[in-house]
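Both of the next two complexes hold chain A, though its partner changes from chain B to chain C.
This part shows the complex of A and B:
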């Protein structure tokens, strides 16, 4: 049985080698990312061995990797997963013919077509992004990650790569939301710099930033309590706090805060409080388009603004009162004759 | 693909070596042949047969497989009892840890290599069954008052498109026989297959399995790197390779106790319970000859696995290595 398979494999190899010489334009338009995963692994093998082998055998291994690649196309006709563009295959086929490939890690991330070498972290983040679709169905759990891996053509066993399990998925989502928020804020900042829009007042800016950020949770609002409970697990708390603090810092930075004294801490603490309480209100909100949440947010920010101005008032009042007392004390001294020098 | 090319080329080298003519292909592949320490000897030895270790003895490579076969043929009947006696039942914890780290999802296909008496496969099927039950309970709980549409959907839903399957593969027919008897007595037969096969040349097509495990078997394989490459071949992309094996104990005190226990107690227990001193002497010697955790991790990475990691169990007595085919 093993010998039979060996023979079949040898036969396929010879046939594959001969077909590689022919133009690889017979591309199956319905090839799946299974091809790409395998191709990538084969390319990586080729990269690793390029330093050991002389160019002649590396070209043979590259041709054999292309062979396997075509072998997969024959078998992937039944895959219904999202079809990779056939352009990717034709782009990578001629490149696979090159004997030497630079083993660089700074690959041009020009979308999926240019991606030929992928680090493990990039693969993991792709799996987690794909898994987000399944969160409404499976919740924030390993089943969602397994379903996401399967849409990418990977076996469900690859979920073992995520040692933190559901925590990885939640943290990835939060990091993704934060980077989206930063992009939006940077874009608005650029608009203001270019003079195309008016700069907003601080209170309005904060309100809009927090609202934009919280709106990103709306698709997952059913399962968000589960996500928050995962974030509160002790081993996830440091990462959660890190993401929260960097987000609050970004918002204040784009709001124009450049303070270097205690204000830096108080401002961020205040915004953290506002954000967390608004998030909790959002979880229980059932009004249309979360109107109650946004009005709660408005009120909290007004409170803060009022508190700031009333703090100033208290301070100046305090100073005035102190001066008044000092004056009264001097008058008393004069009246009782203590100030006179004998 | 590259793996099978390398296999073919290696065989070509061996044939050509015998004819004392080295082809260009042989020259090209020699550089990656010298990767495995065992195969390096094939170019340094003048003699025809290369030798390897069988416990503390040195034997020709061709003989090792036969002698290992004899060892396990002799111990097959008493294998499970001896496992319990030697490890004081701790081997059950090791195997349970393997399953917990594996955390298989319903629908996964397992290849239990050197599965012998089927311990891992039984646990795998149990785990999957409890996962499925938990999922069903969760679904039932969340839809306490199902609508008529939900009820009709439940009736018409077809079963999992992929049932989880465990294939127990072993080179030794006696061990598989014992395993089959155990399965029959436990009443487990759904989703289980028993196949005779050599780890260095698996009788399966490419990209078949989600998970490949080899528990306490890989140290008996003559060419470990070939077994690793075969594992890479039969795994699907994203598939996981997991290996449970005895390894080096780092703690010096524990190491002394462990050595004393291994060499003084285990062969004696073997003689008393199974009536076979030599097989258990081979067992403890082969543990000492196996590479340590870091070396084995390097071998797994060389075979082409990614995200390779190992966990030390019981202070390093057993190491669980895991790698992914990406």
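This part shows the complex of A and C:
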């Protein structure tokens, strides 16, 4: 009887699988969503097998097919209660480099949403985070990801999940750094709001924010040129630009920028320029603790401040000159008697 | 009498400005965020453009007897713009990159129609306000279709502004907008321009 039910459930999943297959699969992004659909269905299948057994049972029962599945069960048995809350909360993983997708599409059909259920994005981000420690050894590559997967107890074949390979790893790292920076800036902002610290001047704030962000690269600085070249690959450029622009927007927002006109664009463009050039300087800096880089950063920010103040001066001089000219014109008109009709 | 009504409408807008942060619900996902950002971006661009149009009209007709009337309508648009500035900056919405273009185009439109006289300026007002209120109406419809309770405050703001724009439209009609030669042509050209501006400002 139980076997029959299990078979029915499996049949339902397979039908779900086939509907995913039937979807038009012409272009690359749709192919990857198809594959993602396969993965979700596979995870769902595992879930169903899992939900048929009591959660604390060992993984020795017959239905486990892959090593990954066994390890997943073992892990889930261990992290039963602890993971419950955290998995629910982290359902939408902010540091996932894949485009955001709602998780509701693959909650179990029978409504048994396993509490230890982990989304694909969360799993990928766990693997990539683990892979980061192998980057100094293997560089930004699939080997690092495979090594990371192995430390989590997964087979190195799970690197098949990463279609973009090293690009996924680099983008994940960048997203991670950006979210760390945002946390730090938000914390500082809160401190200022509470009146516990004095607000910094804009130039100082920008300098510290860029320095903090670039210091996150220091552990990986030897391999960073490789990472940058990966980011410059055409299929990675949109994501790279997206991360860069959101980081710059964050920094300006916490620096207090609330402009609603062209200044919004010019400020961000300027900061992007400063950040990129400082990053390049950092790559070939060999001074102790990158002192040269930070003084380069200082000088660039000073340049911008000087430019802004001289722009203001030019504007006010211009206005004064115009007024002077108008005054001269009126005087001339008076002298020549052209003003008399009025 | 109309002017008194215009003035007494100004008070609730000022009281609301202290709560700009809550006008917008926090978006649940990127799709909603995109939709809300587009709405704010295009409305901000619209109010900015309307501001510049009235500025252009005032530059030509400021010292004539329609000056005070145009000034009053301009003051209301300034309040609208201020409100949208607050919403835009607090919710970190990107302003449209075409703002300098709307700056110049708006001023040019206002000034050139005002050169046709008071009727020309009023006809321009009628055309623009009709476009803007139709646009606000479609936004209100879209938000109501999605979830009226969630967007209550935003809907309130848009409805209030739409009512103001309709009043401007009616004021324009009252002051002989239709007497300008080529009214039909001018109105349609301006409205077509407004439609293009709205479409582009949402995206760029």
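We adopt the following convention: the second predicted complex is superposed on the first by the 209 of 342 C-alpha atoms of A that agree within 3 Å, B and C clash if a C-alpha of one lies under 4 Å from a C-alpha of the other, contacts with A are read in each partner's own complex, and residues count from 1 in each chain.
Keep this in mind: a residue touches a chain if its C-beta (ideal position, glycine included) is under 8 Å from a C-beta of that chain, and two chains touch if they have at least 3 such contacts.
Being a predicted model, the structure only gives us computed values, none of them experimental.
In the superposition on chain A, contact is made by A:249 with chain C only, not with chain B. Residue contacts after overlaying the shared chain place A:155 against chain B, while chain C stays out of touching range. In the superposed model, A:261 lies in contact with chain C only, and not with chain B. By the touch criterion stated above, A:293 is placed in contact with neither chain B nor chain C.
Touch criterion not met for A:278: it reaches neither chain B nor chain C.
Which of chain B and chain C touches more residues of chain A is settled by the count: it is B. Once chain A of one complex is fitted onto chain A of the other, the partner contacts of A:143 are limited to chain B, with no touch recorded for chain C. The interface of chain A with chain B does not overlap its interface with chain C at any residue.
Across the interface of their complex, chain A is touched by residues 1-2, 4-5, 8, 24-25, 28-29, 31-32, 101-105, 107-108, 135, 197-198, 201-205, 210-211, 235-240, 304, 306-307, 322, 324-326 of chain B.
For chain A in complex with chain C, the touching residues are 99-100, 102, 249, 253, 258-262, 264-265.
Listed in rising order, the residues of chain A touching chain B in the complex are 1-2, 5-6, 9-10, 13, 34, 37-38, 40-42, 45-46, 49, 52-54, 56-57, 60-61, 64-65, 67-68, 71, 120, 123, 142-143, 146, 149, 152-161.
Residue ranges on chain C touching chain A, taken from their complex, read 29-30, 44, 85, 88-90, 92, 94-95, 97, 99-100.
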